[in-house]
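Heads up, the next two complexes both have subunit A, just with different partners, subunit B and then subunit C.
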Partner chain A sequence: MMTDITDKQNKALNFLDSRLNAKLLTHLNSCVHCGLCGTSCQYYITEKNSKNMPASKVDIVASIYRRYHTFAGKHFPKLTGARDLNDQTTEEMIDDLFGRCTMCGRCVAHCSIGVDIPFVVRTGRMMLQQMDLVPKSIQSTVDAALNTGNNMAIPTQDFVDTINWLNEDLQFEVNDDEATIPLNVHGVKMLYTLNPREPKFFPLSISAIAKVFYLAKESWTISTEFYDITNYAYFVGDEEGARVITERLINEALKFGADTLILGECGHGSRAMRWEGPNWMKAKYPVKTITAVELIANYIREGRIKPDKSKITDRVTIHDPCNLVRNGGIIDEQRYIVNQCCSDFVEMTPHGVDNFCCGGGGGQLAMSEYNDRRMRIGKIKADQIRATGAKIVVTPCHNCVDQLSSLNVEYNLGVTIKTIAEIVADAL
Partner chain B sequence: MSFYHWLLLASIIFCFIACLCWFLKLIKPVKDYAEPAGTVKDGVLYSSTVAMLPNHKESAYLHFPTYIAGIIFHIGILTAIVLVILQMIFPHFMHSAALGKNYESEIGLLNIAHEMKTIGNGGVFAGWTYVEWLRLVFGIGLLISACCGLGMLVKRFTNSELKQLSNPDDFISSSLVTLFLIASACAMLFPLCAFSKPFVFVVATIMFCYMPFGKLRHFIYFFSARYQLGAFFGRRGTWSMKKQKNN
Partner chain C sequence: MAIIEIDGRTFDVDGDGFLTNPKEWNEEVAQLFAKHDGTGDLTEQHWAVVNHIRQHWEKTDMAPMVRSICQDTGIRLRELYTLFPQGPARGACKIAGLPKPDGCV
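Coming up: the complex of A and B.
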């Protein structure tokens, strides 16, 4: 007999029901419990516990699906491990889906069947969101973005003050007293977006990209109202919130007459805008989007900027952000750029589409309750970095920069972490 | 046809209809509004070829014995299903004079085999035609496949993490299929035994009846999963033959 369910649980089940298209049905029914995916997941590699197996994370959602949508699950739940949606399962879902998965997708290509594990994890997170069971820490990040326009709730005046202060840095760098970071300029070609961590903690990355744009003679601007490329609503499974965040940036580009939205160096933000946003808006965008990495690679190819690789002689390696690389298809551009800017570039093993997550993906950086796990799983990345012997780690994602900076301290790596814009600016 | 022939036929029809119902839910395309960076075709091609190679999957190269056992197991199942269906349709399938029965093979290939000279010259193989040799090869092959199934079943019982991941259906499905392989092997190796054919038919009937309810139906979802994965990574430009060549 099925247990009684609350209104919220009912809402979550109705939500699941509404999402059962060909893709979700496929991935909810495919896992054969072979357990061979464990060795591809950083959680399982660092702690051999069946809860950390990718299949376990799929199964908590699939077992609920089986209970309410299959004959065997409805009538003989024990037979297929079908489970009621109740307080116990929701508690497990929170821990498994928020606390044990960065949604990096590394396990997907290695699964013997081809189950899209993070897709199922995200569906489970959406169900939790329907029940208002998103961990408070990450929910507050989403709320800040929705209520203030950026996930760090930076007041507009503070942002403007930071940019004005950075203008001096830019003028010194390009030796031009007239050089400025253009704010709210109408009639430009491109609208640039950034991660609020930049004005808050890493402002020099803004002057670095400004230097690149200045030398490339780009027509661009930053909006002081909506500039945040991050989209934590995507991580918590709040599609309405994610749509609002997406739409704001598109509208902002239209407001300034820009025909292109530049997706700043943020892996999940770029993915959300580039690949998920049109589906949340149920329409193709009226403007083009391009990642900062692709744009900079184009500048170099077209000769609009000319990096000098003799300026950076330290060994450099690249960390591939999962959402930009594996889940976003940007694989070669960052390698092209770094090869043009540095004389000693080495790859990590593995790298590219097979890379390991830094450990901070999937919203982990915003969930302090899982900090210990985040730092533990990050050891894999720390070991990879150490093995390269690199002095500089380049990554086109500010969330990754944050996590890598923590790993740098925790594991005593002695490296410098830079974004693509920063390494390019250094080579100009 | 005897009653167990009819039972098997009914179970196959039931299984086919039930699986068709599952399958029909999988063919409705999912609309994607994002501008593609690559093509679905390219991705699906990659997903169903290169991405399946053992050197591209950790589930294969980090677990090679299990991977090989799994491949042999699945080849065995496919072969056994084909054989049992042929035995159901052609009651004298793979019978020959050497088996002491009237030989009337409906399969051209085996008929030709029967006409050819026997290849055994003496000993236990004296008078054997290709039919007997084929039976032996299939029988031993299916037994090896059954051993692989047994091995994986033992692993599921003894590996604590795998056991925790498993539900009763996993054990039942694996046991049922392994039993089917053993029964199929017996039908090949002991054609004169009165029970060998009813045995494989009854086990196959149970297996086909159970298939739509448990994890055995993953054979439908496997192809759909490869397609969905190829479509996902193909559109995003992550998976393509061209990129593979460049890297």
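Coming up: the complex of A and C.
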């Protein structure tokens, strides 16, 4: 007998039902338990607990699917490992799918048959979202973004004051008293987006990109209303929220007459905006999107900015954000840039599509309840960085920057973490 | 939720080490947290930052912008990052007894 289910659990099951298309059915039914995913996963490498196996994260969702959607699962659940959706399984889902996965996708690259494990994890997160069981720590970030327009709830005046304050720094850097960071300018070519942590706590990256745009003579602006590139709704499986956030930025670009939306240095935000957003909006964007990394690489290729690599002689390495690199395929651009700006660049091992996550992806950075795990799995990244002997780690993602900064302190790495814009600005 | 012990005193903190009950905060607690996270002995400059953050939070329920910290205390931005090796959020705000700010921090 199936146990009684609550209204919310019923809602989650209906949701799963509505999602059972060929793609999801394939990924729920294909795992052969070969175990290759285990040795690719930072959680499992760090702690050999079967719950850390990517396959077991797929299995908890698949076992519920089997219980309600297959003949054998309905009638002989124990024989097929099918499980009821109940308080115990939902609690396990929260811990497995929110607490033991950075959605980095390294397991997919190593899977013998190509199961899209983070896709299944995300589907499970969506079921939890239907039951209002998203961890509060990350849900509050989503709520802030939806209710205030940015995920740190920065009031508009505070944002404007910060940007105006940064103008002094820019004017000094480019030796031009007239230089300013353009706010709400209509008729520009490009609308720039950023991560709210920049104006709130780490604005040097804004000064850096402003210097790059100034020297490249770019026609650009920042909107004071919607500038937040992050999309935490995507992390928690709230597709309607994710759509709203996407649509706001597209509308903002149209409002200012920009034909291109520049995606600031944010891995998941770039992925959400560039590759997932059109699916949520069910439409092709009326504007182009380009990541800041690609744009800066173009400036250098076209000679619009001329970095001087003799200015940065310390050893530099690159950390590859999973969403941009493994999932988005932006691999060579950041290497081209760093090679043009630094005289001693070394790669981590492994890197590129086989990189390890910083440990803070998939919303981990926002969920303090899993902080211990985040710092433990980050040791792999810390060891990688140390082995390069680098003094500077460059990464085009603010989420990675924050996790790497935590690792820097925790594991005494003695490195400086910089965004792409910051390393380029240093070389100009 | 977690408990940390510093110099024989225990505090309820969240997983990131931010104080669970902000009312428990006082100057002695600030100094203990600073010692615990590697910031060390709080100097006059540290106190200017911590007090500004604390007062802003008590008034608005939010951490201040880093701009207002710098402008109010006269401390330069780059200097601020040196004063608090864990940064303005995970360092200074934690020492000031605030809950962890939302977002990528």
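Convention: the second predicted complex is superposed on the first by the 428 of 428 C-alpha atoms of A that agree within 3 Å, B and C clash if a C-alpha of one lies under 4 Å from a C-alpha of the other, contacts with A are read in each partner's own complex, and residues count from 1 in each chain.
Everything below uses one rule, namely that a contact is a pair of C-beta atoms (placed from the backbone, for glycine too) under 8 Å apart; a residue touches a chain by one contact, two chains touch by 3 or more.
The structure displayed is predicted, hence computed values, not measured ones.
Touch criterion met: A:T230 reaches subunit C, while subunit B stays clear of it.
In the superposition on chain A, A:I206 contacts neither subunit B nor subunit C.
Shared-chain residue A:A153: touches subunit C; no touch with subunit B. By the document's definition of touching, of the two partners only subunit B reaches A:F71; subunit C does not. Once the two complexes are laid over each other on the shared chain, residue contacts for A:D59 go to subunit B alone; subunit C is not touched. Contact comparison for subunit A: of subunit B and subunit C, B touches the greater number of residues. Shared interface residues of subunit A (contacting subunit B in one complex, subunit C in the other): none. Partner subunit A is touched in their complex by these residues of subunit C: 1, 14-18, 38, 62-63, 65-68, 71, 77-78, 85-90, 100-105. Within the complex formed with subunit B, the subunit A residues making contact are 21-23, 25-27, 29-40, 48-50, 53, 55-56, 59, 70-72, 78-81, 108-116, 274-279, 281-285, 325-329, 331-332, 352-353. Across the complex, subunit A meets subunit C through its residues 137, 140-141, 144, 151-154, 158, 161-162, 165, 195-197, 199-204, 230, 266, 365-372, 398-399, 402, 405-406, 409. Taken in their complex, subunit B has these residues touching subunit A: 22, 25-35, 37-38, 47, 51, 56-60, 62-63, 66-67, 70, 159-162, 164-170, 172, 213-215, 217-218, 221-222, 224-226, 228-229, 232-233, 236-238, 243, 246-247.
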